[in-house]
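Here is the structure we will look at.
All chains are identified by letter, namely A, B, C, D and E, in their written order; residue positions are counted from 1 within each chain.
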């Protein structure tokens, strides 16, 4: 279970949010909403442990993050604004190296399967450099299929995806929730990820 | 799907960076050429008198190696930073310092080791005697990894800052100076008949020190820079 | 308009078979000329009264040095054509010339170094001509590495063409370096404004070797340009057909 | 809203780049520090004998200036490239070559001119006589703009390539060599009693040549690199 | 009038599109659609003159682009994936410099007005570095309000914008079309820019 207690973020002179309390349990989706600049990305990076909160604390399974950084990292999948692909590697290589560094060994077949699921058959051998914006994000998102993390933290995962890719991603997210995973995400696009009713809304900003 | 441990991740990091280097072979070669070109600038600036050249040769080769390995630092994290991989490394379940160590090892193999191999050739062109060439090799073999390690800290601190590559020079050069003094000193001592051993063992000590502290400091610097 | 339509051969599709037909001829000429040149150089030309037998390295060194500069100019010329008229073939020619040019530059440096040891007592001296020749090698290497580090072939050839053009300024510097600075290296003995100062047989051998090097260059460049054409035009129909027929 | 012409756009470019430099003051200072540090590495690498130092001083100062201005090249376009401004410049209704010229002028004011000012001080530390210091200044005043201009072409060609900053060194250094030879040559000729004028006027000729050709070539290179 | 004749794009071995013919007249909106990697960005960069077409040509007022690069540039506003902001400048400075380089002199007041229209009052003095992703794009898009170009070429302008910013942008685009401007754009988000019926659809890819 992921819990935030009295969380606050201060950027420059601006108090982005404060006194934030929430809990995400197995099977929960926490949808962080808010206008541009309301602090969504800041919150998600805090949850990933990349920013130390100004005030308040974040607990994972009841323990504060900083006491268990590596265990927490094993349970976490964070996806930020940047896809994290190497221009020189093709899709399969990118997936395999990224997964292995994140702690999971993946075979070439599994990686190719994940790419295929995202509609990238035939593009496996192209270096990421030549892929279009949307194709790059597809490759990066294919890591979701190879991840065993329980908590997914996704910052605007639907950006730059076309309609068919959005459908695929939604199905994957649904499946993760059904299996009892947790999901924290932001999106300006109105995509209904799940109808299970276990959706929590968090509104930042005025 | 199988879990991997820290050693596996380090190996993966090393393999990944070396594979990347092979794909971008021109990167590796350009560090080398830079080294060669800097050395060959000196006779042009200073004049072709071989006696003068021989006497400044150890210093010139060492300064050139230092500049080449400093320039190569720009590439240590920058591509990982720009494409978001570095962020992923920070949230990876392995100790960041060990991943950084693997990264530095790959970086040294790519940009430091070739310098060691090429240095004797350049020394010869500047008229250095044969046994001095050998000392030169040894001193570089001990010195270049130290420079890579120190550089890893400097590069981490300046990550994402504008003008980072000049700033890193500023941070890192003062720390390189002991390495330069002992390194060039070793060769000069060898050339003037005094033993080079004292200098070399000091270099070795620097290497050990850097191996213990630098990865840890670089990891901390990375966390700060990425906040 | 009558006669040969030269523009026809500026298209890769028609140049490819033409080059294929030229290669064996040029190869043959290379072999014959180098045999003749080496024979004259090593058996007919007299031993030098000052330098002994070592001077015979001149028959490789001087032609190689000439070629290194000529090829650069030719390469820059093709590069300019490719850049201005956007002709694909010229860009490919420039690309194919570079490695040969670099090879001759290296050969000139190497034979020069071999020769320098007995003559000046050192493999290398930092005199203007030697240094500028070294710069020429760097220019070739820069040209090739720039091309290698850009993946899109069109962008690669245009970028490196521009570099080649900028680098042309170095060629006169090499040529005149002996005049501008007084250096160890020998000045030009063959000039357009004065009679040659060396023995006629030596001169013949050097000229024959130069021709042989030219023939070699043409052979190798044609071979290289053929594979370059196949690689860059692989998506076109005619390449597919050619490959079918070749099988 | 008023239309602006080419001159207005050039002025705007200059003002913009200078304002940026003021905001990023550390950038400007770091080029300078790099210059100082490289020069001061030499006594460390070569040994403190003042006669040797004096004889190699012109070469060392010039090589250091060359390396510093080459390092600064990395910043010429990179920030404009990364944030998309360069793309906007390419679709701007002004001749790109003139915009590039304004950019190079700003770059020289930021990274070349300070070198000219600081060089005499460093020369003095290395024991150069007073009139040689003056020649040094003049030669750098003519030489550094040439290097900025040539560098603008090299940097444009390697834009966006991995390992660009080392590749640019490879491309640009061979072309810097004539500048170095004439520049260091001028100072040495001055020191040895021969006049420095011949060298200086050659440098001036190089400057004119570069002013005519480089902006145009750099603009062409930018269009190629951005395709 | 912008016209494309028999346009083709080749990337690597892949033929992205070929034989493309279209014309955009005053008041027209050309909406370029297609799945990820179908060549939309490539087409838009060609229209902006950044890529030379493999084959075919692009005409502006009946003349080929390359014969009138500077006149065409005066009529063109191109907005790509990158916002083109300087991290060190604040919003007003960014707008003023960008506009002046593009040939229009803009006062600080006009710039501030444009930012306000995009809901950035109070953020004028912040350097772009500290703005959120969406805020950065708002600043960049504010240039539209200061542009007198007749042809706007926009690559996914709605990305990263929140709902209110999308409304503002849509209104601006509508106004441009009503005034007789031309607009070429791509978007994966389904935003109805205009109901005037002068919308042309161009589908790339299979």
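Throughout what follows, a residue touches a chain if its C-beta (ideal position, glycine included) is under 8 Å from a C-beta of that chain, and two chains touch if they have at least 3 such contacts.
As the structure is a prediction and not an experimental result, all values here were calculated from the model.
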item	value
Other chains in touch with both chain C and chain D	B, E
Chain whose Cα centroid lies at the greatest distance from that of chain B	E
Chain whose mean Cα position lies farthest from chain C	A
Chain pair, A-B or C-E, that carries the greater number of C-beta contacts	A-B
Inter-centroid spacing, chain E versus chain C (mean Cα positions, whole Å)	48
Centroid distance [mean C-alpha coordinates] between chain E and chain B, Å	45
Centroid distance [mean C-alpha coordinates] between chain E and chain D, Å	36
In chain C, residues with contacts to at least two other chains	131, 138, 141, 145, 149
Shared interface positions of chain B, touching two or more other chains	24, 26-27, 30, 33, 37, 44, 47, 79, 162
Per-residue overlap in chain A, given as positions that touch at least 2 other chains	81, 87-88, 130
Contact set on chain E toward chain D in their complex	48-52, 70-71, 73-74, 76, 78, 80-89, 93, 97-98, 100-106, 110, 146, 148
Residue ranges of chain D in contact with chain C within the complex	150, 153, 157-158, 161-163, 167, 170-171, 173-175, 177-178, 181, 209, 213, 217, 220-221, 224-225, 227
Complex contacts: residues of chain C adjacent to chain B	122-127, 131, 134, 138, 141, 145, 148-149
Residues of chain C touching chain E in the complex	234-235
Interface residues, chain C side, partner chain D - complex	83, 128, 131-132, 135, 138-139, 141-142, 145-146, 149-150, 152, 154-155, 158-159, 162-163, 165-167, 169-170, 173
